[in-house]
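Both complexes shown next keep chain A, but they swap its partner, so chain B is in the first and chain C is in the second.
And now, the complex of A and B:
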């Protein structure tokens, strides 16, 4: 009998497979960027190497981490078992092979990328099916189910919008909506899928890492209602090309995010744990940054520079909100998972390393600080079109990414 | 003292356990029963200077004995 597979616990190997794969994809994506740095200097951003690196980062790293984390956290948060663990492993292999093959194809022969793309799509759909079957079993749905469920719906929409983009490019189908579809693809992928997912999980992880209890949960409903209406109205504005609707949508997104920030600060103020871990503090800081970026995007709408600013703001949103949140939580979750996997059965029987010896917390502040500074440098360099600045920032960023990934992977040697 | 934390949503099991430890007399053992292996509790116990012994139960839950 393997103790890890009974009860509502997930077999730790499943989330770990996703996380290890994701870290390798992260390293590969940065190596690709570093090797092709010269092309970036020349100002050619839309080249196969960049497509490949971007998809390795967003799909290979962020999406795979999110999937791995969900295999671990959904059973904890919803008190149900994963619907089918074996199916989970099959899903992992199909998605992993699909993403690797897809990114490689983008690099060597982009016009043929849709073949491995279908494999990747199949893997993601298997994941959605797995989550749907798991959440369906939940005895008592709560606000978290709403966040995670809606995030999954947004992921599905992102995929279909992405397919529509490729199809439109190849056949000219719905060409007049190409821009609207592209914007919607970004909206659903970044503010829909990732933000809703991080909102939902933060409601579990923030109290867990700060030992907080006795806080009100009513705010979460307003966050959900207002943010969701912001998503829907913004989406409609893209297709109707209505600037008032766009402003209203952006305002609602900002308002919903602000209530979330306020709510998390209430939760953190009710904590028992006096000193928060550094990595978790950065994940909390990412919430503040995400909130600021929403505000900046809303303000930019009223200026003449929106079309110049929105691209860099999307970049900032991806790196300083989504990536920083995920990084912060990863630093916390991976040592726990590994330590539990390796030592929890031996505890009390023989001496085992202390949990705090498994991960070097000292590297967190320098790594994450440099990360934030490098991202800001890249952001400013894109706005001011300074290629030298861009290259220095991106180079440092890639190095930090690789260092962070290797540090987390290093835990597995302990 | 025995604390049954099954069926509770995190972080309730952890909060209940830490509260119970505050009222634990010296030399006494606190036994808790959880749905899952309490990964995050171990770190807190270590900080507070407690030792623990975890045993998987036949129904899939875990019994954890906490002592000095």
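And now, the complex of A and C:
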């Protein structure tokens, strides 16, 4: 028997700071999208207001949630303490101020966004350094380390590609590669950083929330190898402008994602917990949706409408795969954080509530179902250029986002 | 009821908050040893090595045993081998999971 008495819990205030900030950014991003709906419907994705809303959503909400979750999950998953908690709080304040200032500058004066961009970059680099120092202490790296480590590298590349975009816009530097840099920025940010991170943590959380046992893990190696190959080949295709490589890259991304979907279904079929929580079920559903969007993107490549479809498909990928997964897991992570803060020290002394009693699970099915329908409405309105449909869909989506944010914050009253 | 039985009974009040099943029915308790001086040594595991509730559950086990009047020093020894498996669960634990 090998004793293990490593204590690895993080000061709960650290992940919570990230998550509360992220909920505010989420609400702000929705307000911005709502008041700039007309331009989005006209196909004007590359305008300051959309840049600002997209970065508030992707950096202010999704990235900050991911950072907060990683401050909690990386130490427990790797059985090591976070390298330096005080450094983590400083990193939070720098990144939060950087993101808010950056998003504001993108809206009012995008050519000057590089100044807050540097502050934000510094905050994210501090986070990467923190994670590097924490992961290097891990006694036995595993496939989860590979997914999370690669996701962090993709995050770093996304930031540098973003900085290159702003620099190119300001000075005309590498203007001939502007499109390739822009596509690479999206690829590394969405399919690199977020997808690899969700893959990695799903391998930890899916068995945990379903109490699965006795499932194989060999598939994860194929998922990692094939998906990473897809990322690299797609990246090369952008700079070489080679359509065959692009098709090969998209196919590998789809294949890697499909194996991941298959593997998670194997894990879930091996579960002991018969009835899964609703929010976790939606996070699992997001995997199927992400897989379908990868397939749709690959099929669209063979049509003449790829340039029209790819924007709405990226929107769909962000909302129905990344955002839905994060929201599903957030409904599990936030009660856990709050429960740990409030009841952890009471356990064994008196009766404490279960995690499911901390979050209002009843709202999950209506909120998440309306969310999916509203996203599909917005997606179709962009394709068919219907402003009324867009406004209705986006309005409902914004309301649902705010309702979800308030439900999550409601945990703090339990 | 001897001290060992009292310890096991006390451990039934410690729940895995995610599954809402107590640590005894979940099969997490491997051994309870009580010395002549009434020092208690609990050897236990968790369902997965990277369990985020790691510290909470082991601390809960310690507090529950310390709450028994006759016990003196309490030691909780967390082990990963032999690994937890569903066979270690009680019929009641399986029933609560819907099995």
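Everything below uses one rule, namely that the second predicted complex is superposed on the first by the 379 of 414 C-alpha atoms of A that agree within 3 Å, B and C clash if a C-alpha of one lies under 4 Å from a C-alpha of the other, contacts with A are read in each partner's own complex, and residues count from 1 in each chain.
Following the convention adopted for this analysis, a contact is a pair of C-beta atoms (placed from the backbone, for glycine too) under 8 Å apart; a residue touches a chain by one contact, two chains touch by 3 or more.
As the structure is a computational prediction, the values presented were derived from the model and not from experiment.
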Message = Is A:340 touching anything from chain B or chain C once the two structures are fitted on A? First, second, both or neither.
response = both
Inquiry  = Touch test for A:352: chain B only (first), chain C only (second), both, or neither?
reply    = second
Query = After superposition on the shared chain, which partner residues are touched by A:204: those of chain B (first), chain C (second), both, or neither?
reply = both
Request  = Go through the superposed model and pick first if A:170 touches only chain B, second if only chain C, both, or neither.
outcome  = neither
Query = Counting only touches as set out at the top, which of chain B and chain C does A:76 meet: first, second, both, neither?
reply = both
Task = Classify the contacts of A:213 with the two partner chains as first (chain B alone), second (chain C alone), both, or neither.
result = both
Inquiry  = I'd like to know which partner A:275 touches here: chain B for first, chain C for second, both or neither.
reply    = second
Touched chain A residues, chain B compared with chain C = C
Query = Taking the two structures together, which residues of chain A meet both chain B and chain C?
reply = 3, 7-9, 76-77, 79, 204, 207-209, 211, 213, 272, 336, 339-340, 344-345, 347-348, 354-356
Complex interface listing, chain C residues touching chain A = 13-15, 17-20, 43, 47-57, 59-67, 77-82, 85-86, 94, 97-99
Note = Note: in the complex, chain A contacts chain B through residues 3, 6-9, 75-77, 79, 204, 207-209, 211-213, 272, 336-337, 339-340, 344-345, 347-348, 354-356
Ask   = Touching chain A in the complex: which residues of chain B?
value = 7, 9-12, 14-15, 18, 35-37, 39-40, 42-44, 46, 51-54, 56, 59-62
Query = Mind pulling up the chain A residues that touch chain C in the complex?
reply = 1-5, 7-9, 72-73, 76-79, 204, 207-209, 211, 213-214, 272-275, 336, 339-340, 343-345, 347-349, 351-356
